[in-house]
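As structure tokens, here come the structures.
Common to both upcoming complexes is subunit A, partnered first by subunit B, then by subunit C.
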Partner chain A sequence: MPRSLLNIGAPLLIVGALVSLPVGLAFLGVIRFNEDLLFFLLAEVMLLSGLLVVTMRDIIRCGLAMIVCFGALAGIYVIAGAPLVAAAQVLIYIGAISVLILFAIMLTQTKDAPASLVFQTQALGAAVASVILALIVVITVAATDWGELGTRLHTATDALAQVLFRDYVLAFEVVSVLLLAAVIGGVYVAKREEGGPP
Partner chain B sequence: MTLPPDLVAVLPLVAAVLAAIAVLLVDLALPGRRTAVVLTALVALGVVAFAAVAVGGEERVAFGGAYTVDALTTFLHVLFVAIIALTITFAPDYLVPRALPVGEFAVVLIFAMTGAMLLAASTDLLLLFLGLELMVLPGYMLAAFHKSDGYSTEGAIKYFLLGSFSSAIFLFGLAFVWGLTGSTRVADVAGALGAFAAGQGTLSAGLAMGLAFMTTGVAFKIAAVPFHYWTPDAYQGSPTPITGYLSVGPKVGAFALILRLFVEAMGGLRADWLPVVIVLAAVTMTLGNLVALTQNNVKRMLAYSSIAHTGYMLLGLAAWAAGRMEGLEGLLYYGAAYSFMNLGAFAVVAALQKRTGVTSNLGTFAGLGRREPLLGVLMTLFLLSLTGIPPTAGFFAKAYVILAAVQAGGAVAILAVIAVLNAAAAAFYYLRVVVYMFMRDSETDAPAVAHGRLLWGGLAAATALTILLGLIPGPLLEVVGRAARAIG
Partner chain C sequence: MSDSLDVYLTLSGILFAIGTFGFLARRNAISMLMSIELMLNAVNLAIIAFGSFVEPLRADGSVIALMVMAVAAAEATVGLAIVIAIYRNRRTPLVDEYDAMRR
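Presenting the complex of A and B:
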């Protein structure tokens, strides 16, 4: 098979599988057509791009895959009825953090960095453990009666403000202290010592 | 002018944040003036302790039940301040010869203390999580404090990765608990769980999993076996004063979280989680001690021994769950006694390492009794206390916890027997260091280095507390009694 055909065919196959799985499930009646289909699609995109972030070798591509992952998560927030959180996700995670990370990679990356993953020695065990944990979570979630939490609520922005700045105002303030501590610590760890290695 | 009551309740926290900022500013304004930085830090810590005691005079509930000041809060606040102050006194002797900055060290340490103080006062799951993060995040950075040392970086990365995962697991569990109880307030969660305990309905699978995940997250933080894998590397790699802090501060802080979580929120389900705690405690103390037996590096040995001490503290929790209030008192007493004696032991190790290049291997201690008799005697005292030999604080703490467990009877009494056997086994590796100090010839003939006054001050405080808590346990016992009654 010519290489160009493979290059086009493999992604098409993956996308086809991604789309057809939830659509098939919807046709079979496992999931609801108009409500759950989009969620499943977005969840698939998120999981797959998340997997790509940690498995791809080229760190720039990892960063780009991360943006896709964040975007899919923002979509899930919209479906879950939290448009404000989705907007914040797009603005902060996609707009600011991802771009910052890409810039940081661009400015700091050295060409002689090891291309292979370092922490690979226990990949098999970790994979088995993850699958078992995922199965437990799926079974538990399916076995739980979620009551009215199963219905989707729309959180109005003013209601969110009430919760954030009244019930959880202390948590809100503590986060700023946490960020301050993280900035001070981060600057110290990242700072280049005089006469030290670059 | 009167302050709003909510603000009054969090004054100690505000004071702690301001203390960190003050130290930062002093370090900025007077670069290189370590004495000024350390003095500012100690004075500011004194103010924080004063604020904690002053605010703790009466019981306060603030921020809609998210923040509670009770006897437990005040006891833990003062304990955290003492831990941080002691760490700051013996750190410069280690940091300065290695050209590590004292200012940043003190600032980050005080931020960690703020997190621990928040943990001690939070009665809201979300705040508990934030307090936990604020406590451990500076810890990751402190573990990496010696940037040019490969071990420090390696230990820090392991600590950071496993710590982040355990935090994520905790948060995941928290989301389930919030979703199924409808609240993050500890009191509401306790009410919802209490209904299950009273036999109204059954605990749903999702809620059980949420609680299990939260338990796992906390078990990571206290380094209970089998969640302890990060401990030895993080402790051995970190600069010695930081190891001392890491083995005490985050552990006692995580126990504060356990008290709020297991005793307050999940107190109604104690019959269900008691077996889990018994197994955790038994495995933790046994494995910690067994591995400590084989260590030739004193820092690593103390790391494993700190795992064993986690097990003894869990014994107190088990005794409480089996109906003995003394178990809770014992846990708190143990937390205080362990903090002072362990910090003291690490202070001695740090003092010996003032000369750069000195390792924390057992050989370093050979002949110490002749080279530096005072340090040798103090180390012996701390090690005897860690072993649990009267009349030290360690003996009283261990005896109190074990007695409570014996009185609780049943499986907890069996656990008490395991604890006694473990304490006997632990004597071997603690006393081995004493043997090295007094019965082996020194491996080096380098002259003793002079230690700073600050270090001697810190050692004196740790020594005094280790002896006094063993000889006159009454006053502290009264304090922990009130603290235990506040939540039990």
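Presenting the complex of A and C:
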């Protein structure tokens, strides 16, 4: 009984904290009641689910948290003014790559895999290194003048198509050849060999 | 808040660091591939942010992000195929047990 209560209560508590933090900040006047509120919500969902991807024990749940992370990132793309990239994110990452990874998880996990150790022995060093990396990036971002505008620019899809199929048409074709080579290579590598181990 | 390039770049940097931690710390090969996807997404977020705030990069940012997505799809395909091929031989997805080239 307490366990089922915990199973329902803990997610509700987390969702409540996630929603109430930006709304509370908005009421306090730290952020405004417009896209900023949505951006804050999406950003915290993205970072939290990203942390869950790298820390959870059950790898299937890691894959599902990765889908949540990609979805929140698609929302951030919409706020940043790139709706076509957001649509491509939903189609390619949520629709294709996540499903591919989930199938690969189901093909390769043994039953006792979640019970074994999740992290390598250098996990502590890796944590320190990644915190230092994040700090360096944040300091660099704060210290550099990027020559940016004060407002967001919206990228219209027809302007994007003009640039993609006029200036970048060679890169487009090269990427299509690369995808074909990757498909053929993937099939060849994963193919079961005759007489080999099953 | 969402009108500032610095916020987007900071978010991207933190997500990249999370992916780095996952790549260095996890034992499972597929977890490492998922961490690589997180890092690629962080880079994509930075590219989109530059395209959305720097005038000369306006449409180019989106185009480059789409290219990165296509390359990420190719990378995921080949990476997962390699993991499945190794799993068929070694019967384990844990990278610290792949020691054939150390012996």
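Observations, loosely collected:
The rule is simple: the second predicted complex is superposed on the first by the 139 of 198 C-alpha atoms of A that agree within 3 Å, B and C clash if a C-alpha of one lies under 4 Å from a C-alpha of the other, contacts with A are read in each partner's own complex, and residues count from 1 in each chain.
Going forward, a contact is a pair of C-beta atoms (placed from the backbone, for glycine too) under 8 Å apart; a residue touches a chain by one contact, two chains touch by 3 or more.
Everything numeric in this text was worked out from a predicted model, so none of it was measured.
Of the two partner chains placed by the overlay, only subunit B lies in contact with A:Val177; subunit C stays clear of it. In the superposition on chain A, contact is made by A:Gly185 with both subunit B and subunit C.
Judged by the touch definition given at the top, the superposed model places A:Arg166 against subunit B, while subunit C stays out of reach. When the two structures are aligned on the shared chain, A:Ala104 is found in touch with subunit C, with no touch to subunit B. Contact comparison for subunit A: of subunit B and subunit C, C touches the greater number of residues. Touch criterion met: A:Trp146 reaches subunit B and subunit C at once. In the superposition on chain A, contact is made by A:Val137 with both subunit B and subunit C.
Of the two partner chains placed by the overlay, neither subunit B nor subunit C lies in contact with A:Leu12. In the superposition on chain A, contact is made by A:Ala123 with subunit C only, not with subunit B.
In the superposition on the C-alpha atoms of chain A, the part of subunit A touched by subunit B in one complex and by subunit C in the other spans residues 137, 141, 146, 149, 167-168, 171, 175, 178, 181-182, 185-186, 189, 196-197. Chain contact summary for the complex, subunit A toward subunit B: residues 136-137, 139-141, 143-146, 149, 166-171, 174-175, 177-178, 180-182, 184-186, 188-189, 193, 196-197.
Residue ranges of subunit B in contact with subunit A, taken from their complex: 10, 17, 20, 24, 62-64, 66-67, 101, 104, 107-108, 111-112, 114-115, 118, 124, 126-127, 130-131, 133-134, 137-138, 140-141, 144-145, 147-148, 179-180, 204-209.
Looking at the complex, you find that subunit A touches subunit C at residues 31-32, 35-36, 39-40, 43, 46-47, 50-51, 53-54, 59, 62-63, 66, 69-70, 73, 76-77, 79-82, 84-85, 88-89, 92-93, 96-97, 100-101, 104-105, 107-110, 113, 116-120, 122-123, 125-127, 129-131, 133-134, 137-138, 141-142, 146-153, 155, 159-160, 162-164, 167-168, 171-172, 175, 178-179, 181-183, 185-187, 189-190, 192, 196-198. Listed in rising order, the residues of subunit C touching subunit A in the complex are 1-3, 5-22, 24-31, 33-35, 37-38, 41, 44-45, 48-55, 58-63, 65-67, 69-78, 80-85, 87-89, 91-94, 96.
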